[in-house]
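Shared chain: chain A. Partners: chain B in the first complex, chain C in the second.
Entry: the complex of A and B
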């Protein structure tokens, strides 16, 4: 069943203005693409009766760059500056997955040095931390409360300072590549990162007061935006929206990669599957990430190479093959299905981003009956990342 | 609703009395991190204009623009960065073979004119040009491979002097393709090669496993590639961009590999060249690399070409000068076979004299002189005429045409060029103990570095900074080679020259003194009028840009004309003369080789 047919079967008018009768009680509203409550450049077209959404559909395509197609036209190394743009808020998962899939297909994965694996784990967890900080603040910000996002964004910026020091870039890092990582840890990096972790630790109780002990937030989030548990396997929901249902699934534990098997961490879950539960899962994951980063800094080797010996980037070819690699992003399972054909370019790559599931499938199903004022909060709690949908 | 949940959020007010995290002016208060990726900087002196940065840039933000003239190893181009496209990934920095490119940690630049955000770093002055912080190349992460695939050599080294077998064994297919994959195809080598061979093209063909295509690219402008693949002076490798911070591509060995894949070039190289020269005849005096180049490229165009060679075999210095452990006879014969198959008539053991030259001039539409340098330079020290003092070039020639050469048990070779090394290594194989005496320092030696290393591995001793004083005769036929130490002095800049330290005499008892300090031209075989007409003040020949001498219809090339005196320069002269002769005879319907 095509998506159009699927929407029609649900009673949606896909081309609502084309020769259909307009119900005088209905108001049609385009929510986004320019709207502060929208997570990035996408829009939701909704039909309202009063302030209740009767039905709605999502529209993406505002920033389509065709990442997957671009990669078919680039040398392997040239794809790294492309993939980080698949998720602005959390680029490192993409860099790792691209590197890992190329390594698996070329056989280079056996040569990646121990230290590089640790640095990659560190980067992945720092990346999850800063993205989770952002979305936690965002969950509250969409309800009109500005202080919490100011704080979490500030904390995120301290993490970005560390990223800047480590990778030379704040948002787009282009740091993890095949063979390892591009640079060693700077001297004293661990100490400065620990300073940031302390700032986060110190601020978290205040954030709890501001968010989870906030009656306004509680009233607007508990029991709101409940994703039915039955959808979990039917749709393939992953990440915090899944764990907020009480289902403890996490790629880091279930399909271990990098150095996660050597780290002690808890898969955080929530109860109720509502906006509150998802925010609470993220709040716990911030603490877990801080703890994981501390363990990494303690356990990682200080000596040794941080990259395998690399071939000439202009002429490197990878034998025919295909693979699927996955990792736990802050939004859920991110995966790359890659096919190579023996040439110096990727033949085909499919990026499995959690946002497609969360923001298209889940969101569209949940729109009927949702209050228009809760739409932003719902989208943020599903952690929609539009470029990942339009890859 | 609990009271706590109403009151708790107000705890945020506590922060109102603390210092803010934000800073008012980012540029004053917050410089970029030490390895921040900001605006580009370029050390234009170190930059070689290879353009690899432009190749790697996935946004096409880098254009190579002309800022200077082409010099050897420098294209004269420099990267121009368009910040409307740049994504600051810094792959250009990490790939930069010379390490000249970097990113400053400066990130603030405001201007109302959008066109200024496109500039040539290092050429267009910017305030961050001298920033020491920012993203720089790092040895731990190298996306071009700096390490050459080692060439298999005959081992152990002691065995090499026991035979005349080739010391260099040649790459296997796997090794050759791995080495070819290191190329970044910048093309600096094309400009450095005197013959401007299509190097990146044939390396790419080797990488792809298409060896006949490689051979086609090679034969575009070199009819003696197997020779060049084994013994070329490889000026290409001296400018290879990978060589700036690593081992240069083994261009010579890759050419060797491509030629070794075929036992007969004729089948591979069938090509359709317009026969523009039918009915024209050209005589070529001297069957060295320059003469054979002219012969081949004219013959395939339908010219009737005859090569006159004084020795029993063509090849010139590559036949009589290069030892067979470097360039075996079958390799030479393979290349000569292609020439004769292409219609070149070769007359060996045919020394042309003045009378015959005049006759040939009448019988042919054009002449080419490529007789090379075969008259040795003198030692200019007393005792040079003693029996037992001989010239390296004569030793090599006699050895290669099959005459018995006696060198005794102990030999000193005077000189530091490739001929000196070849003579020394031949003497080692003839069973002698060999010492090379060179005037200047080791780093000044004109001989190929690998040759020097190989000769030392084979047990040749090397003494540098010395000046031969005289040779004296000792009892039982031995010679006393007397030399004084020299110190290097620089007068008025320029290359330091050796100056004798007076009053010290060192003695070396030897059976033979072999002089290898160069050769000089000899045009005495030519008719006097012609010789006078074409000779320059050094006794060599000057040619115009078409390779023609001052006498109409007489072209020349090779060691007589150029001062580099290597085979590839001779081939380059030959190519010039091919174009010149075609033009001179009005046959330029097609200039393609």
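Entry: the complex of A and C
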């Protein structure tokens, strides 16, 4: 059955032919893939009556590069430049999950030095911080207010400066590797990172005024885009959309990994499960990330190796096995289902990104009744990320 | 207006054994492997899949489908389907695995248990050619619109051959294969002599 036939069988008027009866009040609109309001390379096909969406379908496939298949044909070490591209805004989660899953299956996870684990925790939290800053500004930017995203993107760029100093790359880092990380922290890195954290701290009250005390944002976000609490388990929602329902779940606390159990942090929740609540959860998480990074810089050892002794990466084989590892990305639970077969290549890897449910199952069910002007804000607040859907 | 929950101590994570005992009491002996404290792998028969998952969702705290994927074990002539079912209240995940015949490649849909399974099943249908009768989006392209070759995630799909066939080199173009290039530049041995 073709897509057109299938959609017609569900009652959709897909590309209606001449002679087919179409509701004259209905307008069909492709929102994306090239639209400033769309989150990345995806599109939402919506049917409108006036400016109200009657129904809609998410279309992905513009960005598929076959990463999972590529990894099946590569040596383990060759997969790092591939996985970081699964999420452009937050690549470090992918690097950590790839390393952790294969370390677990090979038994190397016990050899990862203490210092490397602290540095990995630092990188993961810096990654969450810069991605959350980007999305917080984006939430307001989609409503036509450009100042907040300018500020948050500037702050994000300061964090990316630190990434550049640490890894050599601003966006894609390829820094985490098997057994640890690629290099040690540069001299004086902590001081320069602290300068960035201070800048963020200083700017946050202004951002609060600009976003959360802004009457336009409040009117357009409170009570808009409400995700029903019943969907939490039914659909498997994670991350800020879940915590905005008031449900305090966080992989960092519930399934402790790296050095998070040694850190003191709060799981921020909201009330109302609307766009405002999700933005507020992210605003709180920025403060928490800043606090966590400071704790890491204070507690991490300054001496010791930053990587375990690695086997020959060209001949490294991993026994047959399968595992699922997870980490808390800024969008929610990111997971890697990893299967090895005793050879020198991955047998099967499947990436579970939070957008997989948020951008398709959740979004499609929320579209009916939504105003077309709120669609961008809804997508950003769900933090839909097409590359992790298509991989 | 908003509540910020304090960090709480996670409960003791010994629920894997409990659920395995309950599963075996109800469904007979099942092969299992404790991968981690919070991850238990259980193999069930194809006909047991729906009863096991329905029971887990209805009568236990394992209410959330976290993940669903397939593995092609071509040398054993079977596909493996892996369902990750999580109990958020217990911080425990079950990796329920079934084997299905590689030729007939059909499995029961769990869409009626979890809504988001339709997307996972749609992707597996497209990438592996496994059918889930009753799942709403079977046969509807997910990522590969206009794809007319064998499902690409199958192990016998040859990516190199596919690329050569669908993207042939233009005549008259310089060869950029690294081995040929290095051979031309440095001699047949591939290094400066």
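Criterion: the second predicted complex is superposed on the first by the 371 of 391 C-alpha atoms of A that agree within 3 Å, B and C clash if a C-alpha of one lies under 4 Å from a C-alpha of the other, contacts with A are read in each partner's own complex, and residues count from 1 in each chain.
Keep this in mind: contacts are C-beta pairs under 8 Å (C-beta built on N, C-alpha and C of every residue); 3 or more make two chains touch, one makes a residue touch a chain.
All values reported here derive from a predicted model rather than from experimental measurement.
Trainee: Determine, under the contact definition given at the top, whether A:168 touches first (chain B), second (chain C), both, or neither.
Mentor: First partner only, chain B.
Trainee: Quick one: is A:154 in contact with chain B, with chain C, with both, or with neither? Answer first, second, both or neither.
Mentor: A:154: touches chain B, not chain C.
Trainee: So in the superposed three-chain picture, is A:306 touching just chain B, just chain C, both, or none of them (first/second/both/neither)?
Mentor: first
Trainee: Check whether A:350 is in contact with chain B, with chain C, with both or with neither, and answer first, second, both or neither.
Mentor: The second partner, chain C, only.
Trainee: Based on the superposed arrangement, let me know which partner A:68 touches: chain B (first), chain C (second), both, or neither?
Mentor: Only chain C; A:68 stays clear of chain B.
Trainee: Determine, under the contact definition given at the top, whether A:314 touches first (chain B), second (chain C), both, or neither.
Mentor: After superposing on A, A:314 lies in contact with chain B but is clear of chain C.
Trainee: Pick one for A:80: touches chain B only (first), chain C only (second), both, or neither.
Mentor: first
Trainee: Pick out the shared contact residues on chain A: the ones touching chain B in one complex and chain C in the other.
Mentor: No residue sits in both footprints.
Trainee: Any idea which chain A residues touch chain B in the complex?
Mentor: Touching chain B from chain A are residues 74-75, 77-82, 147, 151, 154, 157, 161, 164-165, 167-169, 172, 174, 177, 179-184, 186, 206, 209-210, 213-216, 218, 305-307, 309-316.
Trainee: What residues of chain A sit close enough to touch chain C in their complex?
Mentor: Checking each residue of chain A against chain C gives 1, 3, 6-7, 10, 60-61, 64, 66, 68-69, 72-73, 104, 233-236, 246, 248-249, 253-256, 264-271, 277, 280, 284, 321-324, 333, 335, 337, 339, 347-348, 350, 352, 356-357, 360-361, 365, 390.
Trainee: Could you list, by residue number, the parts of chain C that touch chain A in their complex?
Mentor: 1-8, 10, 35-36, 38-39, 41, 63-67, 69, 71-72, 82, 84, 88, 91, 93, 95, 114-116, 118-120, 136-137, 139-145, 152-153, 155, 159
Trainee: Going by the contact rule set out above, which residues of chain B touch chain A in the complex?
Mentor: 1-2, 4-6, 8-9, 11-12, 14-15, 21, 32-37, 52, 55-56, 58-59, 87-91, 94-95, 103, 135, 138, 140-145, 181-185, 207
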